[in-house]
Amino acid sequence: MIAGSMTWAIPGGRVPERSTGPEPESTSYDMVCLLNIGDEDANVSMWAYYEHREPVGPYLLTVGARRVRHVRINDLIDPEAVPLETEYGLVIRSDVPVVVQFWRQDTERGKAVATAAAIPLD
Amino acid sequence: MIAGSMTWAIPGGRVPERSTGPEPESTSYDMVCLLNIGDEDANVSMWAYYEHREPVGPYLLTVGARRVRHVRINDLIDPEAVPLETEYGLVIRSDVPVVVQFWRQDTERGKAVATAAAIPLD
Amino acid sequence: MIAGSMTWAIPGGRVPERSTGPEPESTSYDMVCLLNIGDEDANVSMWAYYEHREPVGPYLLTVGARRVRHVRINDLIDPEAVPLETEYGLVIRSDVPVVVQFWRQDTERGKAVATAAAIPLD
Amino acid sequence: MIAGSMTWAIPGGRVPERSTGPEPESTSYDMVCLLNIGDEDANVSMWAYYEHREPVGPYLLTVGARRVRHVRINDLIDPEAVPLETEYGLVIRSDVPVVVQFWRQDTERGKAVATAAAIPLD
């Protein structure tokens, strides 16, 4: 069985700045959801692409064997935080195949949600 | 004609706990929609992947020949219920090709909906 | 240039029954958006798949050469209307390649929207 | 590494006319998000396809090497503005591989958002 791809892209990122409702569950966020079906841990490096400067990264994380991991972009701080209300794209590379989905929760006015599969590049 | 794939993945699951509005139509849910275009019943097994423990399954179901079936994750109880407000991913295997789409309805504040095609793995 | 696929599937259909707001622009709907980039008209036939009975169709329509066409499922009435609040899936076949996207507008409580690319089967 | 595709399609465009909330951040819009992972600038040309007339274009833009660019359809004015509340589809061609995602923000009643990956045609 194929267990996904080793490179994924998300062109349409922009972490909403404004939120309403109780923290932290109602905070607006962009999120990347990674699924590692395989029997080896996935070492993942993510790079943020911007409109007016060079890419920033790598953001390093591990997705254990047979584990899922949901990462809020708001929580990425090393090497630097992804700024709010700023257009970005994400490239996600893994040393073993994974599957990736993107979510946004925007609570500026009520609660809005949107999701899309990330786009595999291999 | 190709009738889909035999393995699909959904990395971004999380059944919302809170709901507003009349039950059961306004209950928040995650949902998997399976379409079997073929002339043989599809025997489907689903596994839930988590962040901090081994996958749980199989959740077994059948999608009849030339039938669609929409399954709320909230209704999966055997071998065990998928806990609310908990990050999970789903792997769906079928013995004949099917097509899979994911939906979320979140009625915590008003009504929000989101959908994405599941990601084929073969 | 490839101009798309000749067969597409949408497993997750369910036309919302309730609507709020001024008609017809605020009516809840499911919608299929077809794009024909080519220089020949596309003759399209759609079949609705259900949970508890045989598929219904064909719903016939044409997408002109170099034209887009957005079709509300609510408007499909021949051979029979797609019932509201009923789970269905859609299979879309064309005699030339097209590209297909799915939309839902649900105005039961405020306005919710969701979209996904249909899944190509060839 | 593959860096995406050179042709993408979005069949389901329709820029919402009505908006509520402070301008410009709450204006309703359709948006195309382009990501150029490569080391060469991407020269992109977009064509709008309509229901009742010939395609309009090209809308020309550049996505720098290692850059993302988010383009609101509302801002496309040359050769002509894309009319509001009008069904359209989009074909996006680039001279180097890029990755494309579609977003809609609809603030007619509260805030609704939806996104989908564009569909690669090569």
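Just so it is clear, A, B, C and D label the chains in written order, and each chain counts residues from 1 on its own.
As a convention for this text, a residue touches a chain if its C-beta (ideal position, glycine included) is under 8 Å from a C-beta of that chain, and two chains touch if they have at least 3 such contacts.
Please read all numbers here as calculations on a predicted model, not as lab measurements.
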**Report entry** Candidate from B-C or A-C with the same interface as A-B, over half of contact pairs in common
**Finding:** B-C
Requested in this report: Taking each chain's centre as the mean of its C-alpha atoms, give the chain farthest from subunit C.
Outcome: A
Query raised in the report: Any idea whether A-D or A-C has more C-beta pairs in contact?
Result: A-D
**Report entry** Fraction-based call for subunit D against subunit C, same above half, different below
**Finding:** different
Report task. Compute the rotation angle for the C-alpha superposition of subunit B onto subunit C, expressed as a multiple of 5 degrees. Result -> 90
Query raised in the report: With chain centres defined as C-alpha means, what is the inter-centre distance between subunit A and subunit D in Å?
Result: 21
Query - Whole-Å separation of chain centres (CA-atom averages), subunit A against subunit C - result: 30
Report summary line: Shared-interface residues of subunit C (touching two or more other chains) are 102, 110, 112-117
Report task. Provide the residue numbers of subunit D that touch subunit A in the complex, in ascending order. Result -> 1-4, 21, 31, 33-35, 37, 66-70, 99-103, 107, 110-117, 120
Query - Contacting residues of subunit C [partner subunit A, same complex] - result: 110, 112, 114, 116
Query raised in the report: Can you list the subunit D residues touching subunit C in their complex?
Result: 7, 9-14, 49-52, 54-55, 87-89, 91, 102, 104, 106, 108-110, 112-119, 121-122
